Amino acid sequence: MIDKIKMIGFVLVFGIFWATALVAVDTMTGPRIEKYLLEKKRKKVLEALVIPYEKDSVEQVFTSNVKTEQIDGKEIFTAEDGSIAFEFAGPGSQGPMSGVIALSPGKDALKGIAIITQSETPGLGSRVLAADNLKNFRDKKVVPELAVVPAGTASAENEVDAITGATLTSNAIESLINKNVKATKTLIGQ
Amino acid sequence: MKWLYNLFESSKPHFEKRGKLAFFKPLFEAIEFIFFYPPARTVTGPHVRDPLDIKRYMTIVIVALLPSICASIYFFGPRILLMILVSYAVGGLVEVLFACIRKTEIHEGFFVTGILFPLILPPATPLWVVAVGVFFGVFFGKEVFGGTGHNIFNPALVGRLFVTIAFPTILTTGWTAPGAWRGAADAVSQATPMALAKTQAVFTPVADLLIGIPSGSAGETFRLGIIIGGIFLMLTRVSNWRVPISYLASVFVMAFVIGLFGGIPSAGESAAPSGFAAAFNFGLFNLLGGSVLFGAMFMACDPVTSPFTVPGKFIFGIGCGVLTVLIRVFSGYVEGVMFSIVIMNAFTPLIDHIVLSMRYRGAEAS
Amino acid sequence: MKFNGGYNVMLEGEPSTGVAPYQKPEALHLPLYSDRLDFSLLEVEDGASVVKGQVLARDPVNFSVPLLAPMAGTINLKFAERHITIEHLSASSDSETAEVGDVGDERQTLLRLGVWSSLARLDTNRVPDPERTPEALIVSVFRFEPFLPSPAAILKDGAGDFVSGLDRLHKLFEDAAVYLVVPESDSELKGQLAQAASSNSWLNLFEVPQTYPFDHPAFAAQMLKLSPKRAWSLDVQGVIAANQALENNRPYTKRMVSVGGPQINQPCHHHLPIGYPLAMIIDRQSGAECRIVSGGVLTGGAVAPSQLGLDIECQGLTVLEELTGREILAFVQPGFTKQAYSKTFASVFKPLFKEKRTTALGGESRPCVFCGFCEQACPVGIIPHLIYRYLDKDRPEDAYRFKFDKCIDCGLCSYVCVSKINHLKLFRAERSRAVTELIEG
Amino acid sequence: MNLKELFGKKGAKTVKNGIWREHPISSATLGICSALAISNKVENAIAMSAGVIFVLILTAIIISLLRKIIPSRVRIIIYMITIAAGVTIVDLVLKAYFPIISEAMGPYVPLIITNCIIMGRAEAFFVQNPTKLSLLDALANGLAYGYTLMAIAIFREIFAFGTLLGVRVTPAGWVDWVVLAAPAGAFFVLGTFLWVTRTLAGVEPPKKS
């Protein structure tokens, strides 16, 4: 009996000691972690809205250029020129994908896209989502729909060139954009 | 041939136990025995033996591949010859090194791997990728398992799989149009029939597929030649007909069923064609398009990596066929032959085990 | 009945059914050993004179079966190791045969006159116990393995003896059923046998395709679902000898022996006494190095150079040339002259022909590649390469789990093997181990 | 310099065993999971090794100090608490100060808890030996884990990204071996590593029953 009490007592003391230590570490690191996560999201929003920022000036650029509002629990970021940005998530070709889509003030064309997470085939599908390639999506019409067409054949205002060998990822991002743009437009009543 | 014989005889002492080159004895013997058979006799009964040996057995496979090899050179230029050369050189090096270190004979299985590997690559594959792939295939696909006869996966497919996931860009863009090497200065890249069907719902006509007009892996485009070679292999009993036939039949049936239920990819807004005729065409396209024929005739039926029991062979073939169509229709990849065969290779011991335990159910250990 | 597998090895030099004239030898050299027997108990002394049918030695392990003197003469034990030589042979008539003791029961007669040692138990292939009785007796009337004596040659003028011999054995073995293994094709002989079978309910014909090894008694026992423990086999000569022993008290000392193979000038049958000098019957074509195989070329054993005369169990001799040369690029030659199990040689375009074979292994030993030829050729439907793998790993219990006990040692799996694996050798070693264990345990 | 002079006879043996003869990865096949996942970049490998070494040392100190008063029935729980706390600290610190590395390592930092090397050494060594020896053992095993991870990571980073610690080391026209960036590629590298080190160290393969 005494053994058992000793045992429980030891575990208790031991646990409390570590719990205290962990709380201390958490208090020390917590604010930094939160700040980092917020900054990361803001960076992506700025990227999608094509607003330039410096490494150290994310917070300042964001607060001075972007207004955040909540519509039905979804965050809509509005830039000064009237263009809006919103987060999206959905299935890619190999796994889930998430990011930020920005629409032009007229809400009929893409302003830009930024990817937060993706799991496309490295070197293949992921090339579609590389920042350089995402530039090709800028200013493309989403009315009636954005279309990804075989490489070298884009001509109309709503067409984007696909990357050879990565057609499936291109198709996935195309349908994600169209779906999310439509949903958001209904949400904001346009 | 007398001079050659004398040459071998005179250089033999160097490779004996005390000789300077004793390490390379397996290589020397392999080369010698290619030209002059070892004077091996039977010791106990049976006192006479069938004249077929592994060397000829493997040679027959290469003979069956000749139409495909010739067609690939015709379509894609002498570059293919270089690819074959690199494949043999690098793969042979691995094989010889292992044999020398292990002090065993050099086994003939590599003759087939070395020629199969370049034939399942896109024709514009850089030579160094061929070298990396065949090195990997022979090393990890065969030698680490203990060499010919002990491997679980088809070495050529292991190599192909490795380069596919290692160099996806190269391996998915190396499709040059057949015959283009003679005209344009730069080889023209062209989407394969399977990619066209999956992304744009464009189905290449059957006649084109048979002759080899659309692009594809080096050895898979001239499908008439593959059919001839495959039938030759089955007739000579080197490949067991059960695997290729059940594979091809199940691909057709599976694609037909999927076609009947409207699984045919469609371009843009227009609804997918449906109905009996469309399903039949979809089945036929799946049977001939891509590398199903090549895979069924030359890769799946590899006796070492497919089940040895008769029902097992059917199960294996049907498994390959079903997986191939499922991967083609429902996955992110346009072609599923390679994956399906490798997956079924992994199931081979299990299939054999189940078939045997059912066949010998009542049997008790004595 | 369905027959799977089997294959006829097409070897040049099949013995004709004619019997070569008998030439009187200088001396007889009787080996004291044979495939199954070992006559370690000598009953004669050096220099003694013997009469025909006298017991020279006995095998103490196998129920004291005797080695009988085929002719009268003088014994010389020193002429050759493990041989009894009979010199100064005198032409003897039947009246001069050894004295017959009291005529015991018929089994003792068969034992004493040297017939019993021709019987074999199907499960162990050993000489059966004279105290026991089989449920069935299987007699194979045809042999497809190259080259064993053709029953047609033996039965040319002994068909009557054969049928009455069967009748006597049937009665001796307390109404045991007798099965005759005969080929499917019709022949005069088969007609006679069918007639005998129709009038005797105990006599059954078992028809098989004319393919090796469907003539094997153990195969017949399996197909007929007879217990191999209770079935015995006897060859055609043994049946005739049994009849003559029981009817005329004649000792079984002369055999019909076939001599064939690519190296023999005139392949034919010989009717010879045991111990007949081998040198006198092997009429070779050339001086090339040769191997003499006793029994069929698939299952028989090579005759040692030290063996001088016919041993007691020898049925046929096949002479093969030993391989000496080295073939150049054999694996890419079309192969119009090579008979093969697979269809990988151009000879498939030619009608069947008999090939002049040597003892060539035909390739190099390699690991199994699971080509499946052994399974296709196997007549009893087992998977030889699987069983080989287990036996090679010294796991016999697994081999028996996959029906190794059905194997009849026909040797076809080893014959067709692409990787030149000798399954037969390992299978036989395991079987003899199992038999020894059975007897000792 | 001599190991024996430095650490004494027992200490030298402990260090040698940990670093080479009883190498935790190649001889005991422990810690494979993280070795496969976190060896794609040298940067990550360093962070992971540092994390593991930190937790190992922490565990070694605490367990060996308390080894005489830990009730044997709850010792596993005690190990767990110690390891888990150490890992949480590492995780939080990484998240706060090295967020990019933390993201690259994903769930594998919390999974250090299940790294069998730590648990294994705690049970096999720390709980039975004085603090000084335990510290040496922890260091040796941590180093062994670290250099293995580094060796694999150097190979993988060069081939899979063409860089070393983020600096481009490959010639122009280099094509990345994408497969080596994925855990599947790590299997091949780790397998070959095990094969080579086991052959060199003379580790016998387990006998078949």
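As written, the chain order gives the labels A, B, C and D, with residue 1 at the start of each chain.
Going forward, contacts are C-beta pairs under 8 Å (C-beta built on N, C-alpha and C of every residue); 3 or more make two chains touch, one makes a residue touch a chain.
Since this is a predicted model, take the numbers as computed values, not measurements.
> Consider the two chain pairs B-C and A-B; indicate the one with the greater count of contacting C-beta pairs.
Looking at A-B and B-C side by side, B-C shows more C-beta contacts.
> If you average the CA atoms of subunit A and of subunit B, how far apart do the two points sit, in angstrom?
Those two chain centres are 44 Å apart.
> Cα centroid separation between subunit B and subunit C, in whole Å?
About 47 Å, centre to centre.
> When the centre of a chain is set as the mean of its C-alpha atoms, what distance in Å lies between subunit C and subunit D?
70
> Would you kindly tell me how far, in whole Å, the mean C-alpha position of subunit D lies from that of subunit A?
34
> Going through subunit B residue by residue, note those that touch at least 2 other chains and give them in order.
167-169
> Give the residues of subunit A touching no fewer than two other chains, as numbers and ranges.
Within subunit A, residues 121-124 contact more than one other chain.
> Can you list the residues of subunit C that touch 2 or more other chains?
Residues: none.
> What is the complete set of touching chain pairs?
Per the contact definition above, the touching pairs are A-B, A-D, B-C, B-D.
> Could you list, by residue number, the parts of subunit A that touch subunit B in their complex?
93-94, 121-125, 127, 150, 164-165, 167-168, 171
> Please output the residues of subunit D touching subunit B within their complex, sorted ascending.
175, 177-180, 182, 184-185, 188, 191, 195
> So in the complex, the part of subunit C that touches subunit B is made up of which residues?
Its residues touching subunit B are 9, 11, 291, 293, 297-302, 318, 320, 322-332, 335, 338-345, 357-373, 375, 383, 385-386, 397-398, 400-403, 405, 411, 414-420, 422, 424-425.
> Of all residues in subunit B, which touch subunit D in the complex?
129, 136, 140, 144, 162, 165-170
> Quick check on the complex: what are the subunit A residues that touch subunit D?
Within the complex, subunit A contacts subunit D at residues 3, 6-7, 10-11, 14-15, 18, 21-22, 25-26, 28-30, 32-33, 36, 40, 121-124.
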